[in-house]
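Labels run A, B, C, D and E following the written order; every chain starts at residue 1.
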Amino acid sequence: MSVLAAATIHVRVGASDWGAVGPELILGATVLVLLLVDAFVPRRVREVSTWISLIALVAAFLDVYFLWSHGDSNALYGQITSDKFAIFFDGVIIVSAVLAVLLSESYIVSSSFDPGEYYALLLASAVGMMLMAAGNSLMILFLALELLSLSLYILAGFERSSPRSQESGFKYFLLSSFASAFLIYGMALIYGATGSTQLVAIGHCLHGSGCPANVTENPLLLVGIGLMVVGFAFKISAVPFHMWTPDVYEGAPTPITAFMSVTTKAAVFAAFVRVFNFSLNAAHSHWFPLLWGVAVATMIFGNLFALAQSNMKRMLAYSGVAHGGYILVALLANSPAGATAVVFYFLAYAFMNIGAFMLVSILESNGQVGDDISSYRGLWQRNPFLAGCTTVFLFSLAGIPPFAGFFAKYLALAAIVQAGHTELAIIAVLTSLISVYYYLRVVVVMVLQPGEVQAQETRMSGMAEMAVTASVAGTIGLGIIPTGFYNLATQSVDALRTAFGI
Amino acid sequence: MRDAIDIIAESLIKSVVAIGFLFASFGYLTYAERKILGRMQSRYGPNRVGPFGLLQPLADGLKLLLKEQVTPREVKTFVYLAAPAISIFVALMAFAIVPVGPPFFLFGKERIMAIANVNIGLLYLVAILSLGVYGIVLGSWSSANRYSLLGGLRSSAQMISYELSLGLALIAVVVLAGTLSPMGIVAAQNQTGMSWFFLLQPIGFLLFAIGGFAETNRAPFDLAEAEQELVAGYHTEYAGMRFALYFAAEYINMVTISALVTTLFLGGWVGIGNGIFFNITSAPWAQLIGVFWFLFKSAAFLFLYIWIRATLPRLRYDQLMWFGWKILLPVAVLNLVVTALYVSLI
Amino acid sequence: MIQAYVPLLILALVAGGFAASNILITFVVGPYRPTREKLSPYESGMTEIVPPRQRFPIKFYVIAMLFLLFDIEAVSFYPWSILLRSLHFAGFIEMLIFVAILLVGFIYVWKKGALDWE
Amino acid sequence: MTPVESVVFWVASALAIAGGLGVVSSRGAIYSALSLILTLSQLAVLFLLLNAQFIAAAQILIYAGAVMVLFLFVITLLGVQEYEFMGRHLPGQRAFSMIFAALLLLSVVYFVGQTPHKLAAVHGNFNAQLASGNVAAFGKQLFTTFVFPFEATTLLLIVAMIGAVSLGRRQRPNAEGSLLEQRRDTLLPLAPQTTTDRADDGIPRAATAGAEARREE
Amino acid sequence: MTPSADHFLVVSAILFTLGTVGVLTRRDPLVVFMSIELMLNSVNLTFVTFSHYLSSPDGQIFVFIIMTVAAAEVVVGLALIVSIFQTRQRIDVDELDEMRG
């Protein structure tokens, strides 16, 4: 009956291909399950969605653990890789997601939206982030970036009762799409220069196989890299593309802020390392000056702006900007050591930064104003455990030993000094010193200033307590015994080096 | 150069003929509708102008042309004027790839009986049909009248809702035929005897027919034009020739949908029983017979349009959306999945 | 390859010219005697109606949004539909996954009442 | 390219750029939308010239037939609004953005324009495949090499569905609503019937304003 | 003049720039949003141009992905806009109630 001669087209996608995206598939399927739960299960018992999300995240983590030794670096027609680098970031993202879910539980009760949708979006954004870490082609990177941003746009504008939340969600949306446009324009030009969207192929092309000579001098590549830097810088809220960050962080639901402050950066930096340090390694001289300027501006202005904030969420937003600068420094080392520092930094950052947001979130779910720093007076009396933990997080963020943040920063600085850019190290150290002031100010308010006499006690739900404990354990643990995790980070970067033959 | 002139001349002739044909069929479709509705409601229908009222469409056209053009105060003039033109433009463009008969030879070259034969085939058609909403949305918005706006929104929401099922039904046909080309689909239907797709795809046929009715805002889906509730829908503020263009677009769309049904489901220009009892594709007059069959089948489907208008009561708007999204769409998906399963296994 | 589209171009010119001339001719023929009532928006013969406050007609957006999402699905069906014979069962499965996922979305949308019209 | 194609290219490009100018400079959102539709359709023509026929059709179907319709829906229903939350322009922002844009354009055009030969570096056989069946060649790639991105888009669509449903949900007093929401809803049971001239009830401000004016006469 | 790859790329660069100008100079969020769409579309043109002149499928597939992404983006963005105005409407009403006391 057919009018066309049907020549068979073989679809070469097997179990190992899907296995490579196992964690993503688990979470993606959970998104669907959550939607069905939301649709069919009466609202009274919808706490189940919290549990479903947690179980799925644990399952995904187990799969990650399994994939660590069974990864496939060339799955699904080379679009996806589950090398150790991707897997490591998957782990970081899953851990952050677990913390965010634990934190959200008490938040959801007091908010106006359906838990199913909320968790579905949270997990969908996690899938996007993981795909971004695992993406082996520009196409996947773009798709994953949009998946995570789109979910976060909705989450940021989710609090329907508050116009501020919605407006910040929308602003985030506009600016982020604007940045995406730059990003894909850059991708398009790089595709034009190298003839491929696959990162490994681009890397090979730039190293002179299958491409004309001087391809690294191709102006298309040059402009493409510039535009991509703009796009990526927007997404990691590097100066001068950081304007949206404080507004959005302030307006979004706090558990979401905590989550996105870490994981968006983690995902984008994973892609950053893969693209710039490895795929575009041969064009190093093109992107280095651009990113150098961005990194310096980010460190200086991020910290200076943070100084001026009296709102905790805004302060943490600017502190996040500044940390982006430190991580950029590690990236600029353009060496395995630098990449390892980036990887390790995010592990540390996940615990300490989400931890710092927990305070805000817990106070909010207590019905107390959570984000003005002056409202933390006397927290030490009200809840010594929470105050103590927050002190640990802030110390760690400031880079004070013996916490995780110190070691992370140390690795970054060591890498950049080793790469011969001492000026960046000096700027990083000086700006870190500035940051100590604004972190310690919070601690001082919390611990030393007395609160009102009849202030009510600050309670935490069981899940929130678990989240805080886990974060504090991570922050301290990574600081005291970093070696094991450092080795994992080194292995993950080695995997990248093998994949790109560098 | 010769080739270029040949192509241009051929397309020019075809375009003019097609537009003429479509407008003539618009005129006589209104006539036929009034006559048939009259019969069905025990009335005469138009019978004053010319024998049996046959010149009625001409009279109507003349009247519409000479009517005063009322342009209300607050309309956005440019959009207001462009909207009906968009409607008619889209309606005319959609017909371009429908083959009304078998190819023929003229001046030493095989020529097709469609204006164009493009690689993407039906995709072109679907793309053009999807532009149909613009005439309505823009017309209703530029009128600055809340009845228009609401009517326009309703019409366009209805159109896009049913467009999905229409598209899915069409894809099921493409899956069966394995080609997007309308001529290929006609060929596929007549390859082995008479395997017309309304036999192989009865559900698809039904879906397409219903979707087609809704796409054209015809009864029983003509609620957006319900006189009682919304005055006249999106074209409330239009008069004379401008109104006539909307009117014409609706009827030309009906003709296009009928022609599509003929092509996709009723075997195109091939006659009933052809290939089984006899085979006239090789006869010298095959082209004429083909066109005849094509017109006959399309006319039969057009009759269905009118018949249903006389028979079925109008749906309420909530019923209409309910039907489109909760019945038609799932059925269309299911139909497609089953068809695809069958095709993928053979 | 592009030659096949030349007829469409010509048709577009002819049809466009036809449509435009039909609109423009209305300025030439026909009387023009405007009055205040004639030029006011049509209100079923009543003037000075102040409409009751209407609901924010959110439904229309939701429908249009859902249409857009399902339209994407439909568009990706086209290349698949002509290749199904070559892709065999693998192609069917590929699309089944695609459809099944969107079906979950559809069920969710349905159950959430986004398709209910009042 | 043949002369016809050249002419088509120049006309379509000119129209596309004119449309782009219209998007940026039109007074009302709806005229921007119409200009954008013009640009989109002309881009489809350019895609045809580059033998991306499926993409051209998808462009019309998705962008012109669905995306822009959605835009028009929102524009017509929202009417004219004030957007305080977008913030005021900084002094000199317009001038700055013009300069920025000019620089961007110059750099891209300069760099792109000076390298005609660098492109022909990699040779695939995709054009040959396209020539033998456009949609099929596209589909073959989409369903083999790029099957994962293709399947991954579903999740994106699901997320968008959640967005459409959760953000577009009408708020009503609902037994299932959260405590907070219930409280809010009891505070304001229904919108008052008196405010009539608000633009966000779906009627363009112009229409209602006109009605108002007539009442006063 | 016969168009070559450069011509297409320049057209696309011009459109991209126009989109950027729109984003930076307009205040109406819908127009800003449409300018972003314009930028995305100019990128599409770039991709298709490269796809054609490199004879490589990646570009066309990428365009398809961008279209899907853009569609999803539009849905979410417009949902956000609508929801902002819905909330504002409700909040305005809230304030009216308060004033009546």
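The definition used in the following text is that a residue touches a chain if its C-beta (ideal position, glycine included) is under 8 Å from a C-beta of that chain, and two chains touch if they have at least 3 such contacts.
Owing to the predicted nature of the structure, the values given are computational and were not obtained by experimental measurement.
The set of chains in contact with subunit C as well as subunit D comprises A, B, E.
Between the chains D-E lie more C-beta contact pairs than between any other two chains. Averaged C-alpha coordinates give centres for subunit A and subunit B that are 52 Å from one another. Rounded to a whole number, the gap between the C-alpha centres of subunit A and subunit D is 29 angstrom.
Per-chain Cα centroids separate subunit A from subunit E by 25 Å. Note: centroid distance subunit B to subunit C, computed from Cα atoms, is 15 Å. For subunit E, residues that reach two or more other chains under the stated contact definition are 9, 16, 19, 29, 32-33, 49-50, 54, 56, 61, 64-65, 67-69, 71-76, 78-86, 88-89.
Shown for subunit A are the residues that touch two or more other chains, namely 2, 4, 6, 9-11, 13, 32, 35, 139, 143, 146, 150, 153-154, 157, 160-161, 163, 167, 170, 189, 192, 195-196.
Under the contact definition stated at the top, the residues of subunit D that touch 2 or more other chains are 4-5, 49, 51, 53-54, 57-58, 61-62, 65-67, 69-70, 73-74, 77, 85-86, 108, 112, 119, 121-122, 124, 134-135, 138, 140, 142-143, 145-147, 149, 153, 155-165, 167-168, 171, 191-192, 195, 198, 200, 202-203, 207, 210.
Those residues of subunit A lying in contact with subunit C across their complex are 2, 4, 6-11, 13, 32, 35-36, 38-40.
Contact residues on subunit D toward subunit C in their complex (touch as defined above): 2, 4-5, 8, 48-49, 51, 53-54, 57-58, 61-62, 65-67, 69-70, 73-74, 77, 130-131, 134-136, 138-140, 142-143, 147, 150-151, 153-155, 157-158, 160-162, 164-165, 168-170, 191-196, 198, 200-203, 207-208, 210-211, 214-215. Within the complex formed with subunit C, the residues of subunit B that make contact are 7-8, 10-12, 14-16, 18-19, 65-74, 81-82, 84-86, 88-89, 92-93, 96, 115-119, 122-124, 130, 143-147, 150, 153, 157, 160-161, 163-164, 167-168, 171, 174-175, 178-180, 231, 236-237, 240-242, 245, 317-318, 321-322, 325-326, 329-330, 333, 336-337, 340-341, 343-345.
Subunit D makes touch with subunit A in their complex at residues 85-86, 107-108, 110-112, 114-115, 118-119, 121-122, 124, 140, 143-149, 152-153, 155-156, 158-160, 162-163, 165-167, 171, 176-178, 180-181, 184. Interface residues of subunit E facing subunit A in the complex, by the touch rule stated above, are 9, 16, 19, 23, 29, 32-33, 36, 39-40, 42-43, 46-47, 49-50, 54, 56, 58-59, 61-62, 65-66, 69, 72-73, 76-77, 79-81, 83-84, 87-88, 91.
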